[in-house]
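Next, two complexes with chain A in common: one pairs it with chain B, the other with chain C.
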Partner chain A sequence: MKGSFRQSMKWLHTWVGLVVGWILVFMFITGTAGYFDDEITRWMEPERPLTATHIDKSKLLDISQHYLETHVKNAKEWRVILPNSRDANLKVMWQEQPEEGKRFGKFSTKVLDTDTGLAIDNLRETAGGRTLYRMHYRLHYMPSIVAYWIVGFCTMLMLIAVITGVIFHKKIFSDFFTFRAKKGLIGWLDIHNVLSVTAIPFHFMITYSGLIFFLTTYMILSVNIGITETQKDKYFNEVFPRTVEVEKSDDYQPLASLSDMYAKSHKYWQEDTLAYVKVEYPLDKNARVKFTRWNTDLTYNPDDELFFSGETGKLLDIAAKQVTMSGQIHRGFISLHEGLFASPMVRWLYLIIGLMGTGMIASGLILWTTKRKPKQMKNTNGPDFGYRLVEQLNIGTIVGFPIAVAMYFWANRLLPVEMENRAEWEIHCLFISWALLLIYPAFRSGLVAWFEQLKIAAFVFCFIPVLNFITTDKHLGISLPLRDWNYAGFDLVMLVIGVAFAFTAYKVKKHIPVAQKSHAKLTKNDIENKVTDETISTLAATKETS
Partner chain B sequence: MILLMSLCFVSMTLFCLAMEKHRKQILSSEFINFPLPQIMVVSFKPLAWVMLFITLTISVEQYGWSIGPAVFFGALSGCLLPLILLLTYRANLIILVSVLLAIILFVIEL
Partner chain C sequence: MFNVITTRKFTKFYFTNPRWWVFSRVMAAIFAGYALATTSSLFLGQLLLQSMGEYQAFHIGLLLSFLIYSCGAMWVFSVSTAKKAWGGLISLNLIFMALTWLLMQVNS
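Showing the complex of A and B:
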């Protein structure tokens, strides 16, 4: 660290951002995709029927109850997830009786066909949107605990970067709207500032709440040292309070009609926002049914849950969870992080701001190389290893990782349906393509590598709807007229991303000197010309920014 | 949501107008090329704050006290990016967009 306080903050911001920048790009992209995990899963299971017609919830509950009663007799828990704006299919889940000494049994999920009332059994095995989202906090190919620590370390550094960034930014308010679309340093600096400052509430919230998620992992000492088991239990009950549990009676008792309970819940809530139904110990005398509606509060609203007796179907008066003040804050941050309360429009907003966050980190990384480029290009032996490595990782991550995600979707459509470990292979495809794209830029000069990878990205994303057309019978030509927006929306978004990459590729192409286009290696002459050009512009930029 | 984002857009435009360098950018179109009266220039900033406050109130009204402020900040961030991009590439359209948004909102709310 050197110089004034502001200078040292700048130093810290630069290096902290650089060290974890690439993992943060990975986390931001997977996390942003996570806001649409249900929608992605739905696309990755094209065997499900397209649904557009609205069916009354009481009929759906009847269908689910009938299916569960005939097919899933000995379960610890049933769940019915009603069609909603995110996933228009009716789904049932159940948990089998746990084995001796275990708390949870095996979970299974089935999508029901509302016409026949039967489960759709030929769904392909897929890792789905859920796994893509899980990589956001759990990475892959390593034990959870290691992943949590890596993610926590990166998040902590990002929090430092956010705070130091605010401290050393000289003119937050007077430059609030300033974006000078100039080539080189000024342009990148401005776009980095704009993306950071405009979404600063989100950036701060998402990093801070990210750390709160695994607080017992990161605060391992205070949770474990000098604490007895009872104290620990008490602590967990306070942070994660639970509703009073029911005991199993082992006496058989058919379940009262769910649709009757639905009528009661409708009357109680005065609105039709039931999200899912959970039945604890179904077909037991002590069965208890929980109706949950869409969140109406960031923290905890006891009114969002209604309990019914499974035997009689009567509304039960169950004591609300005892949520302490700190518990409320904890829940609030987690709900903000995951967008649990988000209606479709707000969810789109999360997506856009998530992408702004990705752009912020990406532009920060590019800024690092842009700033050092003129000096590096002057070296007679070409740029340093460190500089080349950063450039290579930038290209391989900022453009390479989105391509890898597209390959994940490609794998879903192209791998043989009856393949063994299919879901796992989808993920392998993602990481293999990413690894290749990380190595590839080493063999090309900077701008050419950017351009080529952007071209690949444009192609792979634009081709996804076509691939869907070739491999399934549920392409845009069918989903659009049916107005199944969840399914068609995925194809359309992929097209938009593809076009955006194509546009960027077109813009980058204009900056590649003619000599480079024919043979990718830089000639000495080119370097010299470029260096003089860029030194002038960077000098001007440094003057202006200081 | 559209209501909130439009209101945020309009109030942020007012903030832009309150700053001299952006005022020049925005008011360079052929429709408005006369100097604005001083009283108008001074009133942009307070007006913008009032509008932001109104937007926050509407957000709270729509989503409740716990979700409302969160959505408000989201809408604010979400509308700033298009505004800044417009300011850079098509600054003379900003007034037109703001007025159009206001008219559309008025029609929707009627």
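Showing the complex of A and C:
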């Protein structure tokens, strides 16, 4: 379409990246935060006690079992989630009996106080890290099916952008080692290249696996033509086999001791690898207990699960699920995407690469405007609508959305604890702030808006630890000496992000012409002066790159 | 907006009304590309049926469909005219459909 194949791919790369770039930034930021959703939720529930680890697991199992037996009698399922490196608190979950015609009942979660054995009931209502993560694939304020299709469309364009980016890139290896920290076009091009090329396997994996999550939703036409309604169940069973389900007997039977089962599990597992316990049909004669340890395999390892009879507490011999080759590939991609298997080190790596992905898209978007700036500035009527729109969306999303996320955390600390629909209002706060920050750049000239929003971002992130200090009794001075790294870590990470924004703001400030700093709005004279300076340097840059 | 990205070097490849031709290609990439993803996945489901078993073959077809979709979409923007793009994708779709039908006869 544009001469050579490579030129066409370059054109395609530019435009598929641009049209959905801002939604992709949103998805990358929320998705990256999702790797730490448990840690975020923990910070958003400051009423929980600091650190509950170093207590023997069999004692924790006794506490949980006692709590569930006395408080949750008629449930379809109990779960005990033991303290781990991501969440130091003991949690119990249960699923109520499903209503007629439904497969799942209502889920509830309680955090237990290991000293009293009772649930901590004064937790504030919060949307938590889970909701932030859910926006990553489910957006908000719309039916989930609509969200899935929008997300799928954006992901598909991202996949095309990744592939075309690799194709038109001539010197993929030499560019890896070329980083020219210059301002203007070349600088942004190099940033974009480095961020993309260094993590290209991750970018491909995360995009492709994102599509696989909703495989049968997106390829609905294939599914409807390819297999019949009766075949669908068989298809799903083969792709995602489940262990034989338990039948309910309706005869009451107290549950055998979980801690005894834990003692038995030592014969098969090394100590302290138990992650969570699931009891199907508790207090029923047919109750079955499943012990799951930390995943040792990317896809499925039958040795990670142990089954016990709830009545006798004896180990049950349950046949391992038969996983097919294609099912393994499918699961492999999904668990790579979710990163649930990740140890703390790998989880941090996920965070860093996730941020690199965000930076890749952000720098690509900025590159689009940088490249067109010299020509746009020459226009007698100023830059045209398309250019201004892109620049405004860039500022409002790349800096604006992080601020909105910070406001989500602010809302958690500042909204009255007894407020109705509190969790929903935390989310409203996020989107209201984002909307305002998207509109704001329309009233300022480009660089000034960048600078001002970066300043706001630096302030709101740096202030989060302070806000935590003011509103709770668990500030850094307390959480650090106790070495509650999850709780203190959140405050520290916010501080680091804030400092990073402050540094960027400082860098941007240097590029703002003096006249603009005082007047903010560009006079025609300024534009002309600026254009002559910048056109020469950027035109030279364009020639060099093309 | 498109005149921004048109440099003199490539003007001769543009049509009298370039925006409509670009729009036409976008439509071809989205819809004919999706159709291609569908027909190719059905074809793969039939092609691998003997060796992989019914459901796995179908599943592999679905897994590969996104890659075929992106290749189709990229091809749409690489050919010289939008008409060629539509023609190519439609004929590929027809070929996959015919092959799937043939394989269904063989497999049953």
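Brief remarks follow.
The criterion applied here is as follows: the second predicted complex is superposed on the first by the 540 of 546 C-alpha atoms of A that agree within 3 Å, B and C clash if a C-alpha of one lies under 4 Å from a C-alpha of the other, contacts with A are read in each partner's own complex, and residues count from 1 in each chain.
Methods note: a residue touches a chain if its C-beta (ideal position, glycine included) is under 8 Å from a C-beta of that chain, and two chains touch if they have at least 3 such contacts.
Please read these numbers as outputs of a predicted model, since none were measured by experiment.
Of the two partner chains, chain B is the only one touched by A:F202; chain C is not.
Looking at the shared chain after the overlay, A:M345 reaches chain B, while chain C stays out of its contact range. Of the two partner chains, chain C is the only one that A:I227 touches; chain B does not reach it. Once chain A of one complex is fitted onto chain A of the other, the partner contacts of A:V194 are limited to chain B, with no touch recorded for chain C.
Of the two partner chains placed by superposition, A:Q322 touches none, neither chain B nor chain C. Of the two partner chains placed around the shared chain by superposition, chain C is the only one that A:M156 touches, whereas chain B remains out of contact. Counting the residues of chain A that each partner touches, chain B and chain C differ, and the larger count belongs to C. In the superposition on chain A, no residue of chain A contacts both chain B and chain C. Contacts from chain A toward chain B in the complex involve residues 174, 176-177, 179-181, 194-195, 198-199, 201-202, 296-299, 332, 336, 341, 343, 345-346, 349-350, 352-353, 356. Contact residues on chain C toward chain A in their complex (touch as defined above): 1, 4-5, 9-10, 13, 25, 34, 37-38, 41-42, 45, 52-56, 58-63, 65-67, 69-70, 73-74, 77-80. Within the complex formed with chain C, the chain A residues making contact are 1-3, 5, 7-9, 11-12, 14, 156, 159-160, 163-164, 167, 208, 211-212, 215-216, 218-219, 221-223, 225-227, 231, 234-235, 238-239, 324-327, 329-330, 372, 375, 384, 386-387. Those residues of chain B that touch chain A in the shared complex are 1-2, 12, 15-16, 19, 22, 64, 66-67, 70-71, 73-78, 80-81, 83-85, 87-89.
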